[in-house]
Amino acid sequence: MSEPSRRPRLQLILPYSQPRGALYQGGSTDGPKETRLPNYDMVAPLLADVAWDLHPGPIGPHGPGGVETREEFAIVGVQRLPIVREACESGRYDAIVMLGGGDPGFQEGREIGRRYGIPVTACANAQMHIATMLGNKFSIIDISETHNMSAYYLVVQYRFTAQCASIRNIDFPLPRPGFIDDRPLAAEQPKLQRGETSPMLEAAVTEAVAAIEEDGAEVIMLGCSAAFWLRPHLQQRLAAMGWDVPVLEGYSAAIAQAKLLTGLGVAASGLALPVDRPKKWRRKKTF
Amino acid sequence: MSEPSRRPRLQLILPYSQPRGALYQGGSTDGPKETRLPNYDMVAPLLADVAWDLHPGPIGPHGPGGVETREEFAIVGVQRLPIVREACESGRYDAIVMLGGGDPGFQEGREIGRRYGIPVTACANAQMHIATMLGNKFSIIDISETHNMSAYYLVVQYRFTAQCASIRNIDFPLPRPGFIDDRPLAAEQPKLQRGETSPMLEAAVTEAVAAIEEDGAEVIMLGCSAAFWLRPHLQQRLAAMGWDVPVLEGYSAAIAQAKLLTGLGVAASGLALPVDRPKKWRRKKTF
Amino acid sequence: MSEPSRRPRLQLILPYSQPRGALYQGGSTDGPKETRLPNYDMVAPLLADVAWDLHPGPIGPHGPGGVETREEFAIVGVQRLPIVREACESGRYDAIVMLGGGDPGFQEGREIGRRYGIPVTACANAQMHIATMLGNKFSIIDISETHNMSAYYLVVQYRFTAQCASIRNIDFPLPRPGFIDDRPLAAEQPKLQRGETSPMLEAAVTEAVAAIEEDGAEVIMLGCSAAFWLRPHLQQRLAAMGWDVPVLEGYSAAIAQAKLLTGLGVAASGLALPVDRPKKWRRKKTF
Amino acid sequence: MSEPSRRPRLQLILPYSQPRGALYQGGSTDGPKETRLPNYDMVAPLLADVAWDLHPGPIGPHGPGGVETREEFAIVGVQRLPIVREACESGRYDAIVMLGGGDPGFQEGREIGRRYGIPVTACANAQMHIATMLGNKFSIIDISETHNMSAYYLVVQYRFTAQCASIRNIDFPLPRPGFIDDRPLAAEQPKLQRGETSPMLEAAVTEAVAAIEEDGAEVIMLGCSAAFWLRPHLQQRLAAMGWDVPVLEGYSAAIAQAKLLTGLGVAASGLALPVDRPKKWRRKKTF
Amino acid sequence: MSEPSRRPRLQLILPYSQPRGALYQGGSTDGPKETRLPNYDMVAPLLADVAWDLHPGPIGPHGPGGVETREEFAIVGVQRLPIVREACESGRYDAIVMLGGGDPGFQEGREIGRRYGIPVTACANAQMHIATMLGNKFSIIDISETHNMSAYYLVVQYRFTAQCASIRNIDFPLPRPGFIDDRPLAAEQPKLQRGETSPMLEAAVTEAVAAIEEDGAEVIMLGCSAAFWLRPHLQQRLAAMGWDVPVLEGYSAAIAQAKLLTGLGVAASGLALPVDRPKKWRRKKTF
Amino acid sequence: MSEPSRRPRLQLILPYSQPRGALYQGGSTDGPKETRLPNYDMVAPLLADVAWDLHPGPIGPHGPGGVETREEFAIVGVQRLPIVREACESGRYDAIVMLGGGDPGFQEGREIGRRYGIPVTACANAQMHIATMLGNKFSIIDISETHNMSAYYLVVQYRFTAQCASIRNIDFPLPRPGFIDDRPLAAEQPKLQRGETSPMLEAAVTEAVAAIEEDGAEVIMLGCSAAFWLRPHLQQRLAAMGWDVPVLEGYSAAIAQAKLLTGLGVAASGLALPVDRPKKWRRKKTF
């Protein structure tokens, strides 16, 4: 029997770090990486046999709110690219995991990583690929009208329109200066942890059931990383109702996909993401 | 009979301006707007009944070469957004035309424009919409493997995969530091103007005919703005061969579409590009 | 600055003129063209900078009712073709606008126009093209089961099935001999003009909202020309509810598209609509 | 065992009859129906257990040439409708077979027939349905650029774009005043009957093989009725080359489909082709 | 006039025969073939002009219940293949009709039949082909969640996903050891024959109406052969409500298709179902 | 940091074992599992951190040749199911990997595995999922016309038709009694190992290049397990030509996917593969 291969080394990158005092904090900004990685316990088993680092992501210029519009996603996406390049150039990683919903900078990050032979994964992309391994159609549960449309364009871009049954909105938008939220998103997970009812979870259950019964979903995935904590709870609730439907979240999906690609030694096709002067070029491309 | 409506006011924005000494110059950087707008004579009739300004675009940080990779497009796209916003806020324009191939920043620019009720158009997007008015399928003639893949992802994103017969490569990439080009792109239009044969035009004719005969193209459009000057020449050459096929280029298409949208008083659907906290939201989205 | 181009000259053709005493009159049959063109004020700004004539269309042999079945559309369509040909041969027009819902004779009219280099547009076709410029999916509000199926086949023929969210029926059919209508279609616009509630508008609001909330429509267009008057009212009602959704109607769409095509100097691809003995032919066609 | 059912009674309708002296004659205009039906021997077994009449079709106003443009198809299609209605009203037929390539008037004829519970079939439509019973993809061999585009639009209209591998052109157009044909279409079948080589058959073999090898065709069908005589010869030639590929032609396909529908007692769905005031209507239609 | 062709000879094969004492019996296992063929009177007219035999199918190893899971379908499918081969080798049949819902063994049976030039048909496949002749979209009414998923995969495999509006479940599963059914499937047809209300028929009416009104179905077909008896009753009920929608069932559809294919003398394309060492092979296949 | 998770335990199942004296041997039938697993060295790194067993598969009744027809695949597929069930029931495995091309018994095996919460993977399915992670389109290189059509139907069944650029045939069929092969498949790998040219590899290079240049493939996968040994050689050859295209093979893909699914703790959706009497059922399913 051959020797166990070296443990793969992953660079995890958070979507963006908020300045102090921001309305929305994706996780703790201090302490060990396990503390700074939101919902670490959900992914701990997947990280147990890898070496990993956690980058806090860029400090967004978008102010104290979250990232929801296309403009905000584009800006943050571009800001993440130097982090990806630096990780590739460091020689310290076998794969890069771009955490966060909406996949800001993912395609450009993959383009960079591929030049180094390093696979790059992202949370929405990974979930969609894995969802289609499990069922005929999947639905996305996401937090707000604007974020849902970001998910919509990702489904188009990744060419999963035929497999996506629907995108369902639970209407818990990210905080935004100038708006006061009756039911702030950030209060929901603590409620559940205190044993209280979380309206956010209730909305997710309602929309997941509607996705199953009305839209044809056979797998559920989550859109915004601020909703990833729902996964085990939503899974348990659906199971209790008799619905045998896998529920995915983005961190575990993106990490698992990074491990798969590392295991196979593949990053991405050079034809899909060509360098600026490739050795070979094609006369035509078709769809 | 009613009074002629006020002439629509258009802000044209060049894709990016190169620093002095750059390898690639999209057009003159001095003089009146007619001089600074490449191939002005091709669009002069369309601009005759509008008021228009020309913005030089951002000075790209991407160095002295052109924009071809996904990363470069993303960076320039984000840099163009403040220009779009400023134009919207100025109150001086009825529509914004984002010139250039590859449409950097277009969707985000439309998102911004829509909030002001101002339509925003772009060259690849406009050509695809108009091409499908004219024939069953269109092909894109583009300049390099990398730029062709940018066009590829635009076709996916704009959902024209069923109408795009092919993307054809004529292999005249933008100049790039570190590479010496046997046949520099920038020398081609002058060759033709001197009455010489242009290999770039010859390649375009060859690929357009292949697109027609092999791929099913019924309309031809051009990808990179550095190839837009080919339009009348390619059109004439195809006609001389007996192929009655419209050839489009991006400046006229984007300007014409901006005029159409202005005439109808529409910018974009608020559901396609929602603001961060829209008045109404939908429980679900489907494809 | 170049001289303003000559004002484009448009021939507008009404779908058909009814014999005196008919049950359904699309508009006044006497007076100046502005009077004879239904809902002239909705399109007046678009016509302000063009020269235009109005042809009353053929006198349909289909009797005193409207045109709704496929047979009726086919017959009227063929009857309109000599009018198109005559307009082309006259040399007096730069574009032809075939008014009316259901686009009778449109593809054949385009075929004729193309031989003269004259673009021909039609109301459903133009609306669909423009709708996809504005949002991801559109729905059609139409007046009756039979007319809705006409719209259905147009969507198939024009290959917009992936973009059409739904066709919604408000059940105000055209008058037809032998049927007495409780709520005659022709009485609806006058009701609104008198400040009364129009059940037809109410039905359109109901179905438009259902199209948005249930079917995924991001743009609304109108099917039958007898419903085009609803446009500003439906637009206003949706806006008042908080739905930021463009509402289109056919006359302005077809006129605007005719102006766009005239501005670009293109009619249609000779490959899509070949003459009987074209100079060049293709060995194969694909989809 | 039950009694044999009454032999179904079919009304066959030729596409159109040419005036005397016309350039193109689809078949003899005199004599018994077996003589007037082109290639009768190819369909004789299928007609052996039915009762049938043959209508010569309308005398086309399109002059002494054939029908190839969209305008010509539309005109002839409308002219065939009174023949269909008369056959339905006569009570003498169980099904109507609209012979000819290009299916002029088919959808409108079906609409009429359905009101009487009488199925109506047509040659291109029937071939496409049967072709998909036999293989994954079919190609159409057709006679001219213009006729091929008619076939193209039928494939779109009948929604077989995913199953149609290609439409292949053998360039033997119908005769047309003002054009002298080097190799007149009408001379081809006689050549083969005299034991000579038919360039038309050779072209069909070449294109069928290309359709199989390059386009993915697994079944071959024929477009224009002027090419239906090729069927057994093309079938035999392909078989001799080792290609085990069914070749269809329109008369037998349309007759066989008419017998199938008659046997099942079905004509068409009332929802697909509604009467002008149907008993029930649907709020929405989707694709 | 030619002689009537010889009556085609059909081998009908029941899906499987249950051992004595089984929970579910598809029909009588004794007596003449007319008695052993369930719902014989529904297909008697179609069988009146053919010669036919009835094979009882394999005795399934799946125990005393029915066949619903994918595993059960695969096992029974393989068991049917020797019966198909024997029928082909006997030289006594012109076509083979594989009765039953779910089409177990159909593609493999077609592969066998094609080698002998003998068409093979099956109930779901035939219904789908015929349904698309009648309307734009069809829905399937089927008996249980598990059986519905079998239908689902058949729609995918036969490539009718674009034409299938929905699969609707009436929840009358086949009997299965270990489960006691409140309302056993087998009791439903007798109820109706006694003039009582059948909840199974009521559920079918409810789901068919929902398929029409909500899903866009224009034709209804039935999934499991245990539901085929519903056809005339469901047809009558829908007609009484004003819905002019054809309802199909599998036996008549598969027999009618077998007659059509026999009449045309075609079985299947050798390219779709190649023998193990075909004379000719293709370098590539595409979709 | 958490403890490393227990090493996942995989049951690998060979497609089928040949009787002694068979024409085709997939691998050694004696010795340790590493010897009996063909091309073990290609997957050794992936197996280094798992526990695994190897089952020889059923002894096929199909005689001394290989499995290529649909009938043969169906028979072997059913024969593999008791092996899958036994592995599930044993409690000794976390995932099951059904080795071999053509995926015989895969969907039924997944159905069985899912009841035990055990993921089941297969070589073609896994390659397709992974291929779409790497590029826009993939092509399959396969060994014979018949095997290629098996791959074709898998692509349809798994719904990758939009992502599969082509299936390319290198014409090295499995041995079959009654046929003598000029260039036996089994001699090819040894040739290469001896440093000779392998026509099979040369054909694979030719077809892979054609797939890239003509069909749009951006990733290459291999169909039959008898071709999996080509992977590193084909990869190296393409790279040497300048084509930066990942080449996949089935064993590593299926093992990697099994590890991914095990890591995430998911098998398959209960809605996609329902048990015979599921707790919950859906009224409708859509596509």
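Letters are used for the chains, namely A, B, C, D, E and F, taken in the order the chains are written, and counting of residues starts over at 1 for each.
Note that a contact is a pair of C-beta atoms (placed from the backbone, for glycine too) under 8 Å apart; a residue touches a chain by one contact, two chains touch by 3 or more.
Predicted, not measured: the structure shown is a model, and the values here were computed from it.
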| request: With chain centres defined as mean CA positions, report which chain is farthest from subunit F. | output: C
| said: Suppose you list every residue number at the subunit A-subunit B interface; are over half of them used by both chains (same) or under half (different)? | reply: same
| task | From the options E-F, A-B or D-E, choose the one that repeats interface B-C, i.e. more than half of its residue-numbered contact pairs are shared. | result | D-E
| field | Rounded Å distance, subunit A centre to subunit C centre (Cα mean) | value | 45
| request: Go ahead and note the Å separation of the Cα centroids belonging to subunit A and subunit D. | output: 54
| query | So how far apart, in whole Å, are subunit C and subunit D when each is placed at the average of its C-alpha atoms? | reply | 32
| remark: Separation of the C-alpha centres, subunit A versus subunit F, in whole Å, is 30
| On subunit D, where are the residues touching two or more other chains? | 136, 152, 159, 162, 165, 215, 271-272, 278, 282-287
| field | In the complex with subunit B, residue positions of subunit A that touch it | value | 65, 68-71, 74-75, 77-78, 81, 105, 107-108, 111-112, 144-146, 148-149, 152-153, 155-157, 159, 161-162, 164-169, 171, 173, 176, 179, 207, 210-211, 215, 271-278, 281-287
| For the complex, which residues does subunit D have touching subunit E? | 1-5, 34, 44-49, 129-130, 132-136, 159, 162-163, 165, 212-213, 215-216, 218-219, 241-246, 248, 252-253, 256-257, 259-261, 263-264, 266-272, 278-280, 282-287
